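Next come two complexes built around subunit A: one with subunit B, the other with subunit C.
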Partner chain A sequence: MTTSPAEPRYDVAVLGAGPAGLAAAVAAASTGSRVALIDSASRPGGQFWRHRAGDDGTRQLHWDTFRALRDALERVEHLAGHTVWHAERTEQGFTLHTVNGGAASEVACRTLIVATGAYDRQLPFPGWTLPGVFTAGGAQALLKGHGVLPGQRIVVAGTGPFLLPVAAGLAEAGARVLGVFEAGTPARFTRHPVTALGKLGEAVGYLRTLRRHRVPYRMRSAVVAAHGEATVRAAGVASLDARWRIVPGSTRTLDCDAVAVGYGFTPQLEIPLQLGCATRLDVDGSLVTRVDGQQRGTVPGVYVAGEACGVGGAGLSLVEGELAGLHAGYTTTDTRLNRRHIDRLLRRRAALRSFAAAMHEAYPVRRGWLGWLAEDTVICRCEEVTASEVRRSIVDLGATDPRAVKLYVRPGMGLCQGRMCGYATSWLTAQHHGRGVRQDDLLGMSSRPIAQPVSLGALSGHADD
Partner chain B sequence: MDVIRFRFDGRGIEAEQGQSIGAALIAAGYRSWRSTRRTGQPRGVFCGIGVCFDCLVTVNGSPNQRACLTEARHDDQVATQEGAGRDHLAG
Partner chain C sequence: MEVARTTADVLVVGAGMVGAACAYYCSAAGLRVTVLDRAAIAGGTTSACEGNILVSDKEPGAELELALLSNRLWAALGAELGAASVELHHKGGVVVAKSPEAAGGLATLTAEQRRHGIEAVDVAPDRLFELEPNLAPDITAGAHYPQDMQVQPMLATAELLRRARRHGASVHTGTTVVEFLRGSGGEITGVRTDAPDVPTISAGWVINAAGSWGGSLAELAAAPIPVLPRKGFVLVTEPLPPVIHHKVYTAEYVANVASDDAALQTSVVVESTRAGTVLIGASRERVGFDRSVSIPVLRMLARQAIGVFPFLSDVALLRSYLGFRPYCPDHLPVIGADHRAPGLVHACGHEGAGIGLAAGTGHLIAQLLTDREPDLDLAPFHPARFQEVTT
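Right, the complex of A and B next:
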């Protein structure tokens, strides 16, 4: 871990090449800054614009925006295939420790823009570890990134508007989608004033696609079990009451070969947490980074844009990314900022944020899901910790917060470092103590000093063993 | 789309250039290529984007590679991973 006294090579390093990161990198470069865009994938786009080589964007949203941003990367050094596993402050700014395949390298920068996005949030249920059960984003990634369907008869379930494009995409690609089972009742959302923003049009388009493929969309229902031996063969679908408790006798079994499930998103905060950025609990119950009107985190020199400062979709990510990129660029190059343009971006940010907040309020996670768990339902997939083991650590061993649960019975101690089970473990702990999930619960399951596994071989300069 | 070929537990698998090992295995009809350390349960792709570490597989002798991220390459030797994939290190 060296601290270089030399002038950092880059004024701005952007982490993540999704909508927020691309917008940030291009905006920063437009001010004359020297910009590095670091991303673990081989192609830019992130999860939202995940695509295959030669993809013409036919089934992509806002593809023209992506193409314009990609073309503007000429002025940016794009470090594709680079994963940042640790970030540290230096006198001049930051050093980012990265691995690219088996090779380790360091990137020095004066300011940092974190645009690391989010991944699907999960609620465990019996059978969710069976092969053939995918996250909603995973099912979509197989299709968008690799042209592969996760199955032929697919059940889509969870909560939130993201289920719609996932199901529509699978149906359009030829899968038989047996239904979209939305646990919430988002119908009220359509009457919310901010939906006048027009984003509803997207949802209407997806619903039309689902209708064309005769895919039923059912609210207040969920996949509460997956059945099978070596792979999923059926899904248990139940009706839920308003608190997401299973309506007795309502469970029916659908024969299927894949389940795609997601209950919102969890932002990736490893890097801002490593650097000491303050967080808050967002409307959707996610831990997110605090930012100000310039997208600055609470640590000087760190900007955050996109889902890492609040889940809000690609449109909001683009605006936040541009704001972060312009401000980081203006700061490092001492150029004058265009106040009118910044004000326009801020107004757009405010509108899109209130839309996101209304959306989150329309799709809350209700506590009844805890009743879907059986004693032997796995909570932590990595360490194979069951619901009863988690409860035992709380009831018998007296754990009052998820971090204590983690120390006693190991959920979150595996390779994913609590990314999959942190939310559920927090719920289980909070529920037992008769309270809601707090920021500290999620923080206790989110600290990852090493963001990604890195081999000793890579660190010592030798090829991976 | 160029086709490449690799081996999975000795069987031939075809993949399109650029596909991940995980995607190619799913396209070929496989769902799992790992058994868990504690209870020996089968696992395959779950998150599909490199976050959950469920799809670990041994590639050309290196265990714990994420099949969802690792691009399939011609002549790769891919093997089911038992437990932590390092049993050979145990006495």
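Right, the complex of A and C next:
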């Protein structure tokens, strides 16, 4: 705990300028609060509304909503290009330690709204570290953010509805998408009562796009190998049984120059964990922050909205962001809240959350994927730790949890700090001990006191002590 | 239902570096060993240190003797287990000084250390830059300690326990000692745990290798010893090509290690690991078991590291970690049988040197428990020294 001498400059700091953070910032500002919106990107929008300068939003969803939020940022101080590497509690609230280029600075606030989103969840398979193999979100970001296609002949694989917009986007931008290989069997999901609420419209639209571009959509199949020397040249696609084990003899090879793979999302929890917020295991097996009806985390003054408290899509993020922003704003300015509006938001949140839960239930990750791994398949690409080294640390060295695996053989100690390999290492360890992945497994791979790299010069150069 | 009763000659409580060394040497000496830890192997302070095996930071006295014994034993372990299996690296230490006072102090210390059997080589500035080409230009004096080594401490702990298992030892993780069992004469006969698969374990000897929690464990046996936590942070950079070849630290470090001051002290220690990351340690603070991250401490470490290696200014900090050194008021570990609780043997309180001193500690404990004459006089480490002070 440090003391900041003066009254914090902001009533509310919002971390992350995606749907949740934008909605939160605008809602908080509407209550008269002094609001800062912080994001490492140069433009607001997050992953969902990632765009280029001058983008007219033609291929974007709900662009009107984005424009309205962006225009409302007039009342918000937008600290673009600021990366928060550490958050700490102070007597009056919080201090966020940021870097902007090489320069370090601090943002002091009374309340904090964390809306840091999620990134692609990775399952390793032989060849997944070859150049040309992208995460589904990475491929989409390249396209949306830079107008660049990851390849000309692209295979899309993984699980979950997010594969559809990625494949549709790539096809619309002119790539030849050789297929969407969905490991699960989501047919049941489309018959699920909550999907009947009408939320399926988007998916149907994407499927239509795929059909127009003659992109096959195959269930119970997956990319189980990527081949190539310097870059990916082909993908091994196999049929899976209900437990995701490869159906013997079913593997065929598709020539391609890019593969985009995603098995759901991992929420980004560094900041809530640094502040001591409690977590839980969500339906999709992800570690998420616990929040209450007002989007409050378990640490006073910390609100969490969007994927950081559960993966549920942009619509849910907007609602959660608005709830967080209104409550944080009302608390710091002591204005009265509009109960009817709040109730409306809460009802919407409940409906969207049950939709998200049904979606997660329809797209679980099945344990058969562990069988796709070869002995020499890399699990941690930063430290080049293979599956057999991970297994050796468990069998020979007695690792009982993924943190112990990390301590003995280093998966998760490299540049990405376990963001990529934490999930897979947890699965490998749990499987060996005959159990499922637990919250503690993921927690042991998620504590990152330095949320984003900061140069030692920037850290030291600050002359305030 | 009858509860399965596990028996052992030696029950080691704590699967950190010290407990693993005790288990290794005891099982190699033919004793039946069981090891317990409430968490995972090497998950305690052993997972939060820098893994140095040092003689360079020792001043003449009992700890220096233990460090020299340990240094020889570690070299032998490296030869026996294969240096790669524990990432044992004979990298040597380099101590540097900027101010004339620090340089003078360093020269006095090296002379003293040489008299006590440490290889301490005074190094002229030009030769210093041959050893470490990237040092700051304003460094004026230095010393080279070829005996200093480094080991990957978590790996070494797991590897020693693997070897102990081969000698018949069993290891139970996720198992907390909740009570000591006593015989009719009040002697310790084993422990009760919170784990259903090993509810009780009886043993001829129970070794307290609970590190910073050794005080609480001793308390449970009604044989208190003053082991307290001294917090320390380490910074970890992005991986780099080999740019730092030794363990490099400033002459102020030795003074800080031996200090009684509770306030924050930082005297930087910089070195590379096998994976190319640079470790920057370490602060010393007495703030109890407070796990909060202190930015001013990280900042000070960064500043001091840049003072020794200016190129670090542009290098990215990837992460930091922190731990609690187990220290005793006189800065010596507690090694030996506790006569207040016959059957209880302490092996804890190694402060900032538990990795290095683990080898000697395990070796001496095995000698003690097999009725051999210990290679070192254990009197300075005896638990009774605290009672003598209080009475």
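Note that in this section the second predicted complex is superposed on the first by the 457 of 465 C-alpha atoms of A that agree within 3 Å, B and C clash if a C-alpha of one lies under 4 Å from a C-alpha of the other, contacts with A are read in each partner's own complex, and residues count from 1 in each chain.
As a working rule, a residue touches a chain if its C-beta (ideal position, glycine included) is under 8 Å from a C-beta of that chain, and two chains touch if they have at least 3 such contacts.
Computed from a predicted model, the values in this text were never measured in an experiment.
Of the two partner chains, neither subunit B nor subunit C is touched by A:G174.
By the document's definition of touching, of the two partners only subunit B reaches A:A230; subunit C does not. Applying the stated contact rule after C-alpha superposition, one finds that A:P248 touches neither subunit B nor subunit C. When the two complexes are overlaid on their common chain A, residue A:G434 makes contact with neither subunit B nor subunit C. In the superposed model, A:R419 makes contact with subunit B only, not with subunit C.
Contacts of A:V148 after superposition: subunit B is touched, whereas subunit C is not reached. Looking at the shared chain after the overlay, A:R448 reaches subunit C, while subunit B stays out of its contact range.
In the overlay built on the shared chain, the residue A:D120 is in contact with subunit B alone; subunit C does not reach it. Look at A:T129: by the touch rule set out above, it reaches subunit B but stays clear of subunit C.
Residue overlap on subunit A between its contacts with subunit B in one complex and with subunit C in the other: 383, 414-415, 453, 465. Put simply, subunit A touches subunit C in their complex at residues 1-2, 86, 88, 97, 274, 383, 393, 396-401, 403-404, 407-410, 413-415, 417, 448-450, 453-457, 459-460, 462, 465. Listed in rising order, the residues of subunit C touching subunit A in the complex are 40-43, 47, 154-155, 158-159, 161-162, 165, 171, 173-174, 235-239, 275, 277, 280, 292-296, 298-300, 302-303, 305-306, 312-322. Listing the residues of subunit A that touch subunit B in their complex gives 40, 42, 47, 52-53, 119-120, 129-135, 137-142, 145-148, 150, 230-231, 381-384, 414-416, 419-420, 453, 464-465. Residues of subunit B that touch subunit A in their complex: 16-20, 22-24, 26-27, 31-32, 36-39, 41-54, 56, 62, 64, 68-69, 71.
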